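So, here's a batch of structures to check.
One chain, chain A, links the two complexes that follow: it is found with chain B in the first and with chain C in the second.
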Partner chain A sequence: MPKHDVIIIGGGHNGLVCAAYLGRAGRKVLVLERRERVGGAAMTEEVFPGFRFSVFSYVVSLLRPEIIRDLELPRHGLHILPLESTLTPLENNDYLAQWNDHDQNRRELARHSLRDAEAYDEFGLMLHQMARAVKPLLAMAPPDPTSLSLGELFGMKRLAEHFQGLGAKRFNTLTKLLTMSSADFLDEWFETEALKATKSASGIIGTMLGPRSPGTAYVLLHHYMGELDGVFRAWGFAKGGNGAVSAAIAAAAQAAGTEIRCNATVESVLISHGQAKGVVLEGGEEIKAKTVVSGADPRRTFLQLVGEKHLPEAFVESIRRFRFRGASAKVNLALGELPDFTCLPADGINGRRALRGAISISPSVAYLERAYDEAKYGEVSRRPYMDIVIPSMLDPSMAPPGQHVMSIFVQYAPYHVNGGWTDERREALGNSVVETLAQYAPNLKSAILHRQVITPADIERIVGLAEGNIFQGELSLQQMFFLRPVPAWAKYRTPLAGLYQCGAGTHPGGGVMGASGRNAALQILGAA
Partner chain B sequence: MSSVIVIGGGADALVAAQILARAGREVITIEGAAAPPDDGWVPKKVLRELRLEGLELEWPDPWLTVPLPGGGRLELWRDLARTVEAIRRFSPRDAESWPEFCDRMARLARFLEAVYSAPPPDPLSAGFALRARRLGRRGLADLLRILPMPVAELLDDWFESDALKGALGAAGILHLLQGPRSGGTAFRLLHHHLGCPLGVFRPPRSNVMDLLHKLPRVELQPAEVLRITVRAGAVAGVVLKDGRELAASTVVSSADPRRTLLELVEPGWLDPELVRTLRHTRRRGVAARLRLQLDRSPGFATLALAPSLDYLERAYDDAKFGRVSQRPYVEARCDEQQRMEVLVQYVPYGVDCSNLKDAVLALLSEHWGDAQPQHAELLAPRELEEFEGWPEGQPHHAELSLDQALWMRPVPELAHYRTPIQGLWLCGPAMHPGAGIAGAAGLHCAHAILGG
Partner chain C sequence: MLKTTPFHERTYALCVSHAWRRWAGYIVTSSYELSHEREYHAIRGSAALFDVSPLYKYRVRGKDAARLLDHVVTRSVQELKVGQVAYTPWCDAAGKVLDDGTVARLDETTFRMTAAEPNLRWLQDNAAGLDVAVEDVSESIAALSLQGPASRAILDGIELNYFRTIETRVAGIPVTISRTGYTGDLGYELWVSAKDALPLWDALMDAGTPHGIVPAGMLALDVARIEAGLMLIDVDYVPARKALIESQTSSPYELDLGWAVKLEKERFVGREALAAEAQRGPQWQFVGIEIDWSSLERLYAEAGLATRLPATAWRTSVPIYAGTEQAGYATSGGWSPLLKKYIALAHLRSSWTAPGTKLEIEITVEHRRKRAVAQVVKKPFFDPERKRA
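Showing the complex of A and B:
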């Protein structure tokens, strides 16, 4: 008699969410984590003495509110500090700021375009409606339109009814979001270049597409689906870094009886007669359980842990065609002083406030396209798009007094870089990030005490995400919903009985949502 | 009996006029200077309904000739086995994949043909779902996956040879301001496969315009429409450029919807929100057309200069920033009289292209041996707008991208051929299915008029 009902491979946030839900339903769960601590890409580390970083993923918004509620994450230590502005420094030493304060935001936008200031609220309302329209889909195991089983037909019918219920106008807007490019979509709303660029940048995050490519408008929506404390589209930091998110979920899972074992690398899934029976660890230890859930990405799960020979040929072919193509890098800086953006000096009230929010290096759509153009032929963008936050502004515990940590999300840094990733290339990437940023904040160079550069290859090596894709597979339309990761296998199940998937490579995808983990748990519970 | 005015002389306008006339309406067709291109698939339903006989569809054979970088040519034939052998010479793997690729694409094309043979589907209806299911499990999964895909990814899934991928990938970007790595371009490859034999991915030429012009019964007026008159929210007739006024209770326009509703109709009749949506339809011309006469055969029927997907993508990179492609995609088609028509992409609307003609002739001259060109004339999108009446030089009137296709063509509010102005209807390339599908939009529009 196995000691555990369920083994979960990988202690990333989805694996932990899945464990917590299963544990609360009375299952005896064992989480196996390869590294010395849980969290996967959502983790905090003191990289340099006194400086703590959310090394990989760095903000919270998309974590499903039902998970926060169900697992009582605040009780387990989750505390989210809202980000209240986005600053876009411009090449002409002006800036565009978006503030949470409605009146201030309107005044600022009107400074650039009265028309955009007028359209802004309506745009927000529209995205709000779209987020509501897709919200029920996030918590759903996608029905399979290719199946003729009654259950699936019923699922499709319900889905059609949901869309019909939106009314023609909203349904059309949603279809546009699914099929358009974020730049074209925003062109219909705004005229200020920096505003369009900063908003369309949400549509390229983690994706090897430029803002003018169709499909990016959906990624934009994906980043607007977040809710914090009942407010749509809000972004924030977890106090203590994104590791605190994982820690809170892990605590909830442990409180529900889950056992977590770190430094336990799963080498393969134990299979007999087409059924998963447990796992084999590095070193040969076998652990048995009736159910095995993989939080690893689809490529690792099926081609490495399971092995082709146990899977149907067409399925393997589809997994091979599932695209990862990591496009983003991360630069973490330890700073002796705050960066001073010349367009909005830090000694003014607004300058100081802006440093508490996000800073986006996205002066124009053409700038983003140029960055993409270099990457699609295998080069790192010399002038990359960057999304920057300074967590120590909101959570002083992240850095020594008076000093700061800066987290820079960088795109595009293609995984498939010409000649492969080397130490020189990594340093060159760090240099172009600092050079680019220093154009807007000249004191940055002298303020840097330490620098950590993480390439897509590093993400793959350290966290295990294939090709360093932050979503466990590109969030493109052809890899979404019932196509994620493979048609007919989008319901967290696999061709092997007893084996499930719960990572972001399944619907609805990445961004520290936790929805994949929750949906998978509910499927497993429903199946038993 | 109510009278109908049909604006335009393209296949859609002629088909709509015929069907309305046969239903007993009194129809006048007002044909401007603009003539639409004469290639494209003609749906069977159009032929049946008009009892058109003698339609000839032509594809050259080989339907595509692709120069290989190391010298030599890849020739794609109408005969599948012959194509396989041609591909095998430089890529056995691709030769293996070719028949299955063609078969899977053909299945999807048959489905789209059925969809195009009817008015825009309601995506949420049970009928549409049932029809899609007939594709079978794999077919449906293919369809859902391929429609939003970049054509580059689709081809990377199947093939390794750059020459083959370049030649096929070009079908995904024709007349579209997107590169092969942009989402939605795989759909365009399928679109150009409609009505084609297995393994042919370029639209045919046909004599459909001749056949339509030979049909009796519809009065043709060579004139240009200045205005569509509207009274009390209903159409009253048209005013011609020569000052004549014609009364009609129904006006069917095959001009592009933006021109029809925002220029021909006086402002004020439309809801501002619809006006805004219409203004945002994308109809950017991206290709120049070069016509020339050769003194002898160039040694190919259709030549495509697209050595790789990256070549196409780089051509697009220039256009994205408003420049003519330094190395454009060039597709030349030559008939038996050695008349050649060349498509040159990307050439953005309104940019200077004074050197382009010579550059394209130089590119082509490497491939046509000793032939000498005469009377070469290049029309950039701006000239195509002027002479052909294509808005911004875009022959499809509204770019055929996924968000401007099917029930969203050209905008959802107008997709069913009806406008908010009573008696004013739209047909033409900007309407479903449009974009090179001859006559189908005219057919669906006429049915909508007669049905309502």
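Showing the complex of A and C:
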């Protein structure tokens, strides 16, 4: 008799969520984590003495409220501090701010365009309705439209009814969202460049697509989903960094009886007669269990841990074609003082407030598209898009008193960079990020005490995400819903009996959402 | 940060209560004194001066100005004479109310429109192909509302008919005065260039002092507008642009504004839907409700208490029942100090709206939900002759 019912490969947040749900249902679960700590890309590390960073993923926006509720994450230490604004510094020393106060936001937008100030609320309402239309899909295992089985047909029928219930107007808008580029979609609403650019940025995050690439409008909606549950305040920065999210989920899993083993690298999945029987660790130790769940990305799971010879050819082909193409890098700075943006000095009330929110380097759609153009041909953007937060403004424990940590998400930094990633290229990336940012905040250079630059190649090497794609596979339309990761295998199952997937490479995808882990657990429990 | 109005220097000095609230991104006074009572009684007894600058104001000018407004609002604008003002709602294509306000014809080709919500984009989008310019003058024009029986005397016995407007001078300051207001009383609204705001305030306060003028805030206004049966956006109805679900929207017919819908007009936004609704009859109506005193007294007596009344007008949704069925809900209400009645404005399903219909309204007495007898009455609750005279 194996000691465990379920083995989960990888202690990333989805693996932990899956473990917690299975544990709460009475399963004996073992989580095996290759690194010395759990969390995967959702982790906090004291990179420089006294300075703690959410090294990779850096905000909480999409973590499913039902997971927070079911796993009682606040009781296990999760505290999400709200990010309340977005500042977009402009090249002409002006700025565009989006504030959380309705009146203040309207006035600020009206400064740029009276029409946009008025369109803003309607746009928000439209997105809200669209998010409501799509949200039910996130919590379900997507039905397979090609299957004729009763269950699948029933699922499709429910889906069809759901879409019919939207009414013509909303259905048309949804179709636009599914097919247009985010820039084109936003052009229908707004005229202020910086507003369009900053909004369209969420349509390209983590993806090798530009704001003018078709399909990006949907990704914009995908990221808006977190705001739908506004009452849950699931949008913000976790106190203690994103490692605190993983720690809370791990604590919930452990409270449910899950055993977590770190420094345990799975070398392969044990297979006999087309059935997963357990795993083999580096060093040869075999651990058996009736069910094996992989939280690793589809490429690693199938091509490395399982091996082609155990899988149907067509399936292997599809997995090979699953696109990763990491597009983003991360720069983490330890700062001796706050950056002072020329457009909105930090000694003013609004300037100080803006530093507690996100700062977006996205002055125009053309700026973003140009950054993409360079990446398209294998170069790092010389003037990249950046999404910046200063976690120590919200949680002072992240840095020594009076000093700060700054987290800079950088795009585009293509995994497939011409000539490959080298130390020189990494430093050059860090330099262009600092140079670009210093144009807006001249004191930045002298404020930097330490700098950590993480390329897509580093992400792959450290966390194991293929090609450094932060979503375990590009979040583009042809890789979503029943197509994620592979048509006909979108339900967390695999061609091998007893082997499941629970990573972001499955529906609904990445973004520290936890939905894949939860859905996989429910699927496993339903199958038993 | 929030804006202050062009009168802030004066209102700030007078606001001893420090009771401020927001209105369209501005801070305005809830009440100047510690209680709003005297301010209310000035509206009905002498004269009250309100700063209503946060209203959105648009200047619509050009050969096709009347055509544009006629197309947007439900009332007939083409028919407005120069110097005439019309109160009107306007709708989306589904015939659901977006906003309500006034349209004043300043000359043949110039109008001023007031609104509670921003409408520049809506006006511009509907102006495609028309020879008309829409200008947002919300910030450049300051506005005061002088309301109450003494208001005419304070304006030197001005001769101006109900819902008419003129350009004139007050103490040498160029102003536009309209015989309009939100109190259901004799009253005027004064529109002035923001740079002349403070001198105008001073002139009115000087002229008004012998007549008992009192600067008044939103709490007093709220009581008066309920007595006058005037609805308030975001409180008594959800503008269609903000509605999350269809059932939150209202048509003009459902808001008792059927009289302001001119279906004879060939084309205007929402006409088709409204024509269909006019034929069918609205499902809901917006009515006055009077809460029965002895019923209220009994509920409090059962709890061993003397009857309690709300100290200020309330703005919450309160269920109204017809037997076991919910007939609708009240959206604002309060004690009328003048009428000595507990009154409310309510949305009721059409079958319950005949005046005199006996219903029940939910009242919380000592933490317990009770029902008091209420009856449907005609609006406005208070309608003095001087309003139009």
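For this structure, a couple of remarks:
Please note the rule applied: the second predicted complex is superposed on the first by the 520 of 528 C-alpha atoms of A that agree within 3 Å, B and C clash if a C-alpha of one lies under 4 Å from a C-alpha of the other, contacts with A are read in each partner's own complex, and residues count from 1 in each chain.
Please note the rule applied: a residue touches a chain if its C-beta (ideal position, glycine included) is under 8 Å from a C-beta of that chain, and two chains touch if they have at least 3 such contacts.
What you see is a predicted model; the values in this text were computed from it and never measured.
Annotation: superposed three-chain arrangement on chain A; chain B versus chain C shows no clash, the two fitting side by side.
Of the two partner chains placed by superposition, A:282 touches none, neither chain B nor chain C. With both structures placed on the common chain, the touch criterion links A:91 to neither chain B nor chain C. By the touch criterion defined above, A:46 lies against neither chain B nor chain C after alignment on the C-alpha atoms of chain A. Residue contacts after overlaying the shared chain place A:435 against neither chain B nor chain C. In the superposition on chain A, A:117 makes contact with chain C only, while chain B stays out of contact range.
Once the two complexes are laid on top of each other via chain A, the angle at chain A between chain B and chain C, using C-alpha centres, comes to 80°, given in steps of 10. Of the two partner chains, chain C is the only one that A:107 touches; chain B does not reach it. Chain A is touched at more residues by one of its partners, and among chain B and chain C that partner is B.
Distance between chain B and chain C in the overlay is 6 Å (nearest C-alpha pair, rounded to whole angstrom). Residues of chain A that lie in the contact sets of both chain B and chain C are absent, per the superposition on chain A.
Residues 103-104, 106-107, 114-115, 117-119, 121-122, 125, 128-129, 349-350 of chain A touch chain C in their complex. Chain A contributes residues 145-148, 156, 160, 163-164, 168, 171-172, 175-176, 178-181, 184, 187-188, 209, 212-216, 314, 321, 323, 366, 369, 373, 376-377, 476-478, 482-483, 487-488 to its touches with chain B in the complex. Looking at the complex, you find that chain B touches chain A at residues 123-124, 126, 129, 132-133, 136-138, 140-141, 144-150, 153, 157, 178, 181-184, 276-277, 280, 282, 310, 313, 317, 320-321, 401-403, 408, 412. Of all residues in chain C, those touching chain A in their complex are 1-3, 22, 24-25, 118-122, 124, 136, 241-242, 244.
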